[in-house]
Amino acid sequence: MGHAAIIAGQGFNGVSLASILLLTALGLALSFGLMNVINMAHGEMLMVGGYLSFLATKMVHGPLAFPFALLLSFAGAALLGALLEVTVIRWLYGRPLDTLLATWGVSLILQQAARSLFGAIGVEVVAPHWLEGSVSIEHGLLAGLSMPYVRIFIILLTVAVLGLLMVFIARTRWGLYLRAVHQDREMAQALGVNTRWVDLVVFSMGTGVAGLAGAALALIAPVTPTVGQSYVVYAFLVVIVGGLGSLFGTTLAALLVGLFSAGVQMFTSISLADVWLLVLVILFIQFRPKGIIYQRSRAMKEA
Amino acid sequence: MGTPLLSVENVTVSFNGFNALDGMSLHLMPTSIRVLIGPNGAGKSTLLDTIIGHVRPSAGRVVFKGHEITRMDEYKIVRRGICRKFQAPGILDNLTVAENLNLAARRHRECWRSFSVGLNKEVRAQVERVLTLVGLNDRKHALAGQLSHGQKQWLEIGMVVASDAELLLLDEPAAGMSHDESAQTAALIRELAKQHSLLVIDHDMAFVDQLDAPVSVMHMGRMLREGTLEEIRNDPQIAAVYLGRVKEVSVA
Amino acid sequence: QDATVKVGVLHSMSGTMAISEVTVKNATMLAIDQVNASGGVLGKKIVPVIEDGASDPAIFSQKAQKLIQQDKVVTVFGGWTSASRKAMLPVFERFHSLLWYPVQFEGNECSPNIMYSGAQPNQQILPALQWAFEKGKKRVFLLGSDYVFPRTANLILKKHILHDGGTVAGEEYVPLGGTDFSSIITKIKMAKPEVIFSTLNGDSNVSFFKQLAAAGITQSQLPVMSFSIAEQEAKAMGPSLVNGSYAAWNYFESLNNPANKKFIAAYKAKFGANAVLDDPMVHGYIDVLMWAAAVKKAGSFDPNAVRKAATELGATSSPMGQVQFADNQSLYQTAYVGQLQPDGQFKVLWQSKEPLRPDPYDALAFPGKHCVIK
Amino acid sequence: MLELEGICAAYGKSRVLENVHLSIAPAESVTLLGRNGVGKTTLLRTIVGLHPVSQGTVRFAGEEVTHSAAYQRARKGIGYVPQGRGIFPHLTVEENLRLGSASARKGEHNGGDAIPAHIFELFPLLRRVPNRKGGVLSGGEQQQLAIARAMVAQPKLLILDEPTEGIQPSIVQQIEEILREIRTRLKVAILLVEQYLDFAWSIADRFYVMRRGRIVENGSPRDSDPASIHHLLSV
Amino acid sequence: MKKWSALSLDIVLLAALALAPLYLSAYHLSLLGRFLALAVLSLGISVIWGWGGILSLGQGVFWGLGAYVLAMHLKLTGLAPGDLPDFMMWSGLDHLPAWWKIFEHPAVAIAGVVVIPTIAGGLLAWLVFNRRVSGVYFSLLTQALALAFSTLLISQQAYTGGFNGLTDFSTILGHPMIDPGFQRNIYWITLGVLVLASIACRWLTHTAFGRVLVAIRDGESRVRFLGYHPAAYKTIAFAFGAMLAGISGALYVVHVGVISPAMVGVIPSIEMVIAVAVGGRSSLTGVVLGTLLVNFGKDWISSAMPEMWQLAMGALFILVVTALPQGLAGIPGLVEKLVLWSKGKREAKMADQPAIALVEKD
């Protein structure tokens, strides 16, 4: 492999890592960035999506298996999210740190449930045939570069979900309601917005996206009861670095983290790359305490 | 004329290209009242923000007691002797009324001087005095967040009084108050002016009248006119941008 | 006189290690049942006291103390990670008790209060290296999860690779549970190794093999020799994923000997026909049998007497072949290299000529160190 | 239009409203007066549905709404300009205005989304800064936005809690005219809490005076003695 | 009245703890000892979270620093002259790094236990709070810190013992740790440290410092505009919490005889917070009780039904946060409320209670 191929390959790996982080972080950007709910069980929604996609590929065979798996993991995780919202989150709006603790409890329960149902060793989702193999470049400057189809697929899926969410939030009436509810619940209500419904829909959309992320992740890694744990801390970092409430910022942050990791991993170990990543984030926060993109406000409470 | 307590010199503040303050200047003498009026969005509150260090001007400077304070941290500016009442009540909702006042009344705000257990007698006396002054004596132990809007206004005025700072900045102190209460507030401000300097913003002309002090009119981030209220009232330009059709103020 | 005697069984039944350790616990329980069925030891029925180490070294130490102090067990079977063993060691030394540890490990330890039945480095990783070199694969890439066994095993491997004229193509670690191998695969491609020695643990293996396959690298191009994939892991990962890859152990379920047949039958009878068996489980199983034999020989439950007696038991046949505790309280055992078949079983390709003497301190890597137990 | 019967309300253990009776006819303009802390805001909040009543009934447009949620009442036609303005700080001026029509049932006024042009005629300032975030507006700008937003919904009853607070005199005069206009022309009923008596008087058909959580006086400005009202409001 | 009942609760609790060696078995006493060591940490969390409103999900880092410093010392004193700790040897080191060597002296080690976490916590807090990184951001940042810390410890095996951590200590200050009497002494010392720590916390929260801290929690900017420098107050509070964490970690090592990265990472850090939440974040007595309750509960449930532990713990958090936000300390208030509520139902019918518009004086 030539240098160009290695650099291009790591660039691709960085983008691929970024897309996985982003897919995980998008749901958080909704629940955390817009609703101020720190959902520590977000990772478990990922896990649920993964297991559902595992079940789906067991139930349905043939070309439709994987699309069905995506659908099922989205719907299932969204439904679970709705349940969570109604039973726990609803009572905790405006107390972000408490949502953190309560959802941590939820995550423990979900992990244990998964362990009881599926066992502690991971299960494997077999990727559909059309995602097997990779784009390989045999000649020229980039000879030796190979880009697995699964990773390309995940990048595309992420772009699609990101696009849909951006349109939803910025362009639709629902997006407007959602932002309004988060900023002033009572006033939104007094203007005729059914806040409960908005909360429910948005929260479960966030978990639904996490479910999708889980299904995507299952293509490259096993689904285990603790799979969420390993991603959720980084996903939160991405949301923080990006700035609350800005999907654009979240995207930039994911790219930053992904490319940084892919780059540093080449020169040091993965463990140390993680440590350096955190050092970078703390330094970054020195310059941009509220993330890459943030909203100013004159209100003293937020200053 | 002595040296001004506060000088705002040619201050410009801009937000994404929009100049909220545009070469604004103002000088304030010790133990005096200055009233600041002007249309909504003229930049009055932004001026206070600038003085207290909450926003950084892109040009110009602020001098307080002979020292430039333009780029200082907020808390350092405040410690030099400035206290501000905000336009939307800026009180600590989950502290009691008395605790809010305590916080404002404490003289030593450095961290390393905060490790003594008892409350200073002077501070306590000051708090009691202020409580009576603003009529919140019987709500002393209520959480500030549970006050009505008007009561919150009074509490914040109380905090400014308790701070005993040399320069008091009052952003719409009479808003939400009844006639009687505005009159009370005006009397209080005149009393305070014996020992402090006050910069008062308000839109209530009856209240401004009672302050009996020179008036500065701001418009579009600049000083438009300074003079007595009478002069201001008779200025057609100010009537156009601010006062509207001039109406007799009914003095009850 | 009390007709029972208590022993402790201390494994993780929750947390990340539960999956592996629960099966060892099962095998241990099977052995206890069998001993009880044959009349117990010294006329007493064995009563197991089961505790959960929760995959947390501090809890292992705490529970070990409980078993000894509170429950007054005469010995304890348990532990998997070296971290848990290290945490328990002082407890067993302080209370003069005895721990039976069933898992392969990095050596470099010899405590009179522990019986080490799992493989020492010279009984698993070095034979595997020898086999690879015999096959002409001398350019080795070392890949492991980031914990003590892989790092120390690789240290030893490196010395031997260089000593025997091979090349270390690269050495990389992934945090436990890590799932992203993209950079490592790039590094592997750049290093062009002939074989990968993998001490990856648990789930990381699935990600690794998947991503390796997606990058277009097959087992025939670049074989992977794993030290932590046994039948349990292969089954869970789906044998097709790891099909054709290699592993080195002291036991495979496919071993063809009467003791193994009996063991498999008994285990499946108790835990279901779908159960699979593997190396650590067998160690957990024989530990109990060896303990019972040693107690009989010593005529006492006293840990000091038992451990001495254990080293004097002589060769015993077991599901893994002939085994025997050496004077350093580790086990003589045979090393096997196997290749994974589509049915999830390993086909034995190679085995050491005789049971290997356990050597906690590799002479090349740690010259001058010896294990002396008085 | 609106009828309150025997309303009681409390914050925790402390009762704030005692047996309040109040009614507003269609297109009538009513002013609620009272000193600081007597419970005016609380009363408005019980009407809007943001504070629960412990006793009594609220009827709006012939239906009992005592226990319906705030958003349902908003959709029935109650518009609200709260004390403290309730502007969404991170939404733009335009988005804040668009939210005004959240209460509109689908299909009613122009698809719901467009902001009626006359709003900008009434508040030209808002036209200048459609993309500025609500949170950075000056106090008076926010107040104007809050009133405009409530009007976008074309309510049947408009409830305003001290709407002139922090607004420059010329605009106060305009608001006065606007309110008179929407009452007479658009037949919107108005319930106004106001400290600025001149303003209140010029709009009100009737007034109520509150004291310590009770209504202690009501009547119409024309046949009341200003001095006695003033007495009720003073210390 | 309320004060007295709180004080008498403290006295009863202290007496029960002081007499524990009389009625507890050796094993349970050793458990109690290590949980009391953890309670020292909980007190620190209580100050920074309950009073300062700063939720740190990275207390394991400071706890771990204290623990590792002492463990390094213990490791060194157990060594024959010229020897290396075993893991260094098998990780390929051939001499002791200088930054290990300095902890050989007990005074340096003890100073290190107190000072290093304090400085680390203070430094982090100063950097972050000065840039006005607030609540949730800070929590998540510290969580990432915990992850990075344990990852770093694991990856630097030659210097830290890696995944295994440090263990196998024999003596402390010349006393063999195996001695039965040692166990009891270390229990007393732990209890003493806990009492001192709780006095320090009580003092701190009752000074003006404590009140400003609460004010900052409520409205940081407002407090700044009153002339206080929030970052300074928060930094001191956080450094204090880190110091208690470090001391707690060191005590814990003495009790348990092992420290490893698994004990300092994300999950243990959250569990530390949970114990405090269960006790009631702003009740010092509550958090001590909460710590004991959660840890004994964990010990008991995990023995009785290992698989249930996670479920029970999960359910406990949810319950505490939603139904008992004040934790154990909130139970008396809740009971009072219930009583009032049932009474109130009757009283509400006699509608002549005065409204509370109290400003008005006729």
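Order of writing sets the labels: A, B, C, D and E. Residues in every chain begin at 1.
In this text, contacts are C-beta pairs under 8 Å (C-beta built on N, C-alpha and C of every residue); 3 or more make two chains touch, one makes a residue touch a chain.
If you're wondering where the values come from, they're calculated on a predicted model, not measured in any experiment.
Taken together, subunit D and subunit E share the touching chains A, B.
The fewest steps needed to get from subunit A to subunit E, moving only between touching chains, is 1. Across the assembly, the mean Cα position most removed from that of subunit D is the one of C. Ranking all chains by how far their C-alpha centres lie from the centre of subunit B, first place goes to C.
Distance between chain centres (mean CA atoms), subunit C to subunit D: 76 Å. Distance from the subunit B centre to the subunit D centre is 28 Å, each centre being the mean of its Cα atoms. Averaged C-alpha coordinates put the centre of subunit A at 43 Å from the centre of subunit D. The multi-chain contact residues of subunit A, meaning those touching 2 or more other chains, are 112, 115, 269, 271, 274, 298-300, 303. Counting only residues that touch two or more partner chains, subunit E has 151, 154-155, 219, 222, 225, 307, 310, 358-359. Counting partners per residue, subunit B has 54, 86, 88, 90, 151 as the residues that reach two or more other chains. Of all residues in subunit D, those touching subunit A in their complex are 48-50, 69-71, 74-75, 80, 82, 86-91, 95, 98-100, 102-104, 112-113, 133, 135-136, 149, 153. Those residues of subunit D that touch subunit B in the shared complex are 11, 35-38, 41, 83-84, 125, 136-141, 143-144, 162, 165-174, 195-198, 230, 233-235. Listed in rising order, the residues of subunit E touching subunit C in the complex are 25-28, 30-31, 34, 86-87, 89-92, 151, 154-155, 157, 161-165, 167-169, 177-178, 256-258, 260, 262-263, 299, 302-303, 306-307, 309-310.
By the touch criterion stated above, subunit E contacts subunit A in their complex at residues 55, 57, 124, 127-128, 131-133, 135-137, 139-141, 143-145, 147-148, 151-152, 154-155, 219-222, 225, 266, 270, 273-274, 277, 307, 310-311, 313-318, 320-322, 325. Note for the complex: subunit B touches subunit D at residues 15, 38-42, 44-45, 87-88, 146-151, 153-154, 172, 175-181, 203-205, 239, 241-245, 247, 250, 252.
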